[in-house]
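Each chain carries a letter (A, B and C) given by its place in the written order, and its residues are counted from 1.
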Amino acid sequence: MTHSIRAIAAALQAEARGDLDLQVLRASEPATAGPDDLALAMTPAYGPALQSGAARAAIVWPDADWQALGLQAAIIAPRARLAMARLTQLLDPKAVATGISPQALVDPTAMVAADASIGAFCVIGAGAVIGAGTWIADQVSIAPGVVIGADCQINAGVRLQAGVRLGDRVILQPNVVIGGDGFSFVSAEPSNVEIARETLGAAALQAPADPTWHRIHSLGGVVIGDDVEIGAGSTVDAGTIRATRIGQGSKLDNLVQIGHNVIVGAHCLICAQAGVAGSSVIGDRVVVGGKAGIADNLKIGDDVVLGGGSVVLSHVPAGRVMMGYPATKMQTHIDSYKALRRLPRLLRDFATRQ
Amino acid sequence: MTHSIRAIAAALQAEARGDLDLQVLRASEPATAGPDDLALAMTPAYGPALQSGAARAAIVWPDADWQALGLQAAIIAPRARLAMARLTQLLDPKAVATGISPQALVDPTAMVAADASIGAFCVIGAGAVIGAGTWIADQVSIAPGVVIGADCQINAGVRLQAGVRLGDRVILQPNVVIGGDGFSFVSAEPSNVEIARETLGAAALQAPADPTWHRIHSLGGVVIGDDVEIGAGSTVDAGTIRATRIGQGSKLDNLVQIGHNVIVGAHCLICAQAGVAGSSVIGDRVVVGGKAGIADNLKIGDDVVLGGGSVVLSHVPAGRVMMGYPATKMQTHIDSYKALRRLPRLLRDFATRQ
Amino acid sequence: MTHSIRAIAAALQAEARGDLDLQVLRASEPATAGPDDLALAMTPAYGPALQSGAARAAIVWPDADWQALGLQAAIIAPRARLAMARLTQLLDPKAVATGISPQALVDPTAMVAADASIGAFCVIGAGAVIGAGTWIADQVSIAPGVVIGADCQINAGVRLQAGVRLGDRVILQPNVVIGGDGFSFVSAEPSNVEIARETLGAAALQAPADPTWHRIHSLGGVVIGDDVEIGAGSTVDAGTIRATRIGQGSKLDNLVQIGHNVIVGAHCLICAQAGVAGSSVIGDRVVVGGKAGIADNLKIGDDVVLGGGSVVLSHVPAGRVMMGYPATKMQTHIDSYKALRRLPRLLRDFATRQ
């Protein structure tokens, strides 16, 4: 399906120049673009590639001389990635509603909206609720009593365990697990972990008389807000007696772990392989870099940014940028790190003078 | 289903006071508890919340003045989390045995105990053994020859590959993979990794004449002990010629990776996103913090505690508390870290005097 | 099925001594080997274990006195692990071609090679292509239009989303997800992440007027080269407008994350729980240690080795060995680390003199 430059500019709420009726088929990088492609050349760095490719139309940076670049039409993008969001949405082939597969196993007491789709080999448990316009791919497991809002997109292999509630427009990538049991175990006598924390590791640890770990069951479920997206293979554990929560508009990347009882605020970004341990509370609009870890029972304020690979071991006030292991203010981390690089020389100098 | 305070106290082996016939429906946090809830107020910090909520009964800390807190009945919990273990077990709705789903594909040579349950769209391979009372959820894959003990709970999407043996009462959360092939490759000539390890990174690395990685196949399977629990999305690889092993009573959290040939002892706790590389041996009662990593071919003694985010690059004697990257004794790590924070000022002072 | 020492030595391209017609059933560790086992004793350290076990034949180190060790036959292995690769391949029971399961749902427009196998409860979408000799296990999802080459092995629970193309002889371990949507979101105004990067964390962050994250859709798919292997639970995201790529012969371990638009070269090794953020380009023959992370938009040269747990925050030239957080040359990291261990004493000495 082709789109005119005029239509794309309108969808992008952007200005267009040249032949507005020119039709394009798809988006492309400038160097490899063919004559029916819309090249994406949103910064001047793409200028040469644009000239070496065969695109007749492109999205270009604000003051680009598009005619000199050999284009017949151009769309001006003041904020490149925002234009990308609108453009890729326009070009994304929509998932087609397919109704309920005859190979799905839907409990007769489940309430499935008339226009919802359910793929092959899905299992929908007793009393589950599937909202209007929601699309469930193949081989998904929905436990009894789970509630899914409207216009959600649940990809293949997702597991929603008992006690899970999803808002509207939630997107779950393949093999996400929500509502698995929390990792919560207790020993009859104080454990080595408790002793290590209390003594800051000063005491040598001994075998306890009874090493058995008693399981604390997870009865609290999970509540996922509207417009949340969760990446492939990520896991969100059920709360103990109240729900684990992900706030509306928050986005989680792949292989992220959210522990039991955690509360994630609204409009957070949590990048790949990050983890939040049990009962920690993350504010609104917090950004957690890839592979970052947040220990248990901590409070992270609103608008905090954690650098990739950080390990947070204490509370963080609102508005801070943090880095390191253990995480500190970014500037403190940079100062320490620079000093550390100079330290071997300092030690040599110091030794020489003694 | 309601429970009397008397019955709950008996199950918790705890003392109860007040109206022991009072009935409660579920557990709740003190602030949000209704009149039919049992509030969990196990430390004095919960006192005000208890008074603002509507609970008539609560589990309280040892010397709580429960009548002054407005309660009609109270259960005394000297070790709060242990009481939680017993209470949540009591209140957890049991998985109902459902028999063998007509949509499951069970090989006729598989030996399935009469009272075992197998969910829809499961595949149970030839010669597999499923023990008494074991419950297998939907869409699970059990390879030919796999042996599963009694009273196990295998959740949706679990994959048990060839050569896997589970003990009794093993719990696998959704999408766990056990017995995938180990990550074991070898080049014809010494590889850059071998050169880097030998020269400690001093030599600049060159392209080898033949960069092909030859695959070492995994023939050894995996043996999982009794009472082991493994979290959602975790992976345990098969051994090369002998089994990878997880000892009895050990608990693994979500997204944990256990490499080929690894031996994990009994009663260990391995927290989320931790990883153990190939052929390392972990003692009994070891606690591995979240995101911690243990390099290959190492020996970790009994009763070791590794802090979250630690990276262990050498053997660890029994009873040690370790932290950092590379991991050292916790006190050494704390001293170094504090000194590092003072280093930028030291460098300024030192520069001033020169 | 038994193998003669002569046949095994021939398969290993190795020299053999003693009774070459001796038959063995399987490989074993020296200490636990029975009389029908081939003991693997590839270094002198295994000598005593060999004598305590009951093996009559073994693979031994180059100058072993095999007769004095009580053996009737011996195979000499100059490069032990290479011999392991050939031996385990020889002993691995082959996956048996089983044809197309009657419980698989294969779209009539999919093109499936005559000798391909497809397991139960698989879904093969419209227009998908499955190459000759390819073996697909149970409960796999193949989206419409996906292309799979010849002689691939796709294990249970794998999800291949739209736009994925696999080469020949690709091995995917269970629950791998390829082609999930990239983690790519943009705010209408510059976000706190952009501000934190620009100011290096100096500015306190405020709530933006509009915290909404707009989704950039992933239209570019994923291209996986010949002879690639990907470990259990790993995720490779789709590119935005061009494909994410994994080069031929590269091997990825379990729970690895490859972000959108990433290009991984040929013959790389990426160990468990490592992650590569969006749009980074990894050269050929790069080795990424376990749990290592590479930030977004970086270029890692050919033949680089990254130590386990490293966090790479800047470009890396070819041939470097890197370690640490942030990663530096290995020797720099070791020097800094050693100096840091001496720092607490230095600070005490320095304070004493003032």
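Definition applied: a residue touches a chain if its C-beta (ideal position, glycine included) is under 8 Å from a C-beta of that chain, and two chains touch if they have at least 3 such contacts.
This one's a predicted model, so the numbers in the text were calculated from it and none came from an experiment.
If you lay the C-alpha trace of subunit A over that of subunit B, the rotation comes to 120 degrees, to the nearest 5. For the touching copies subunit B and subunit C, the fraction of interface residue numbers used by both falls below half; the interface is of the different-residue type. Subunit B and subunit C have centres, each the mean of its CA atoms, that are 23 Å apart. Within subunit A, contacts with two or more other chains are made by residues 121, 139, 157, 175, 233, 255, 273, 291, 325, 340, 343, 346, 350. Put simply, subunit A touches subunit C in their complex at residues 26-29, 32, 40, 79, 81-82, 84-86, 88-89, 91-93, 103, 119-121, 137-139, 155-157, 171, 173-175, 229, 231-233, 249, 251, 253-255, 266-267, 269, 271-273, 284-285, 287, 290-291, 302-305, 308-309, 319-325, 329-331, 334, 337, 340-341, 343-344, 346-347, 350. On the side of subunit A, the complex with subunit B involves touching residues 105, 121, 123, 139, 141, 157, 159, 161-162, 175, 177, 180-181, 183-188, 191-193, 196, 200-202, 204-208, 211-219, 233, 235, 237, 240-242, 255, 257, 259, 273, 275, 277, 291, 293, 295, 311, 313, 325-326, 328, 332, 335-336, 338-340, 342-343, 346, 350.
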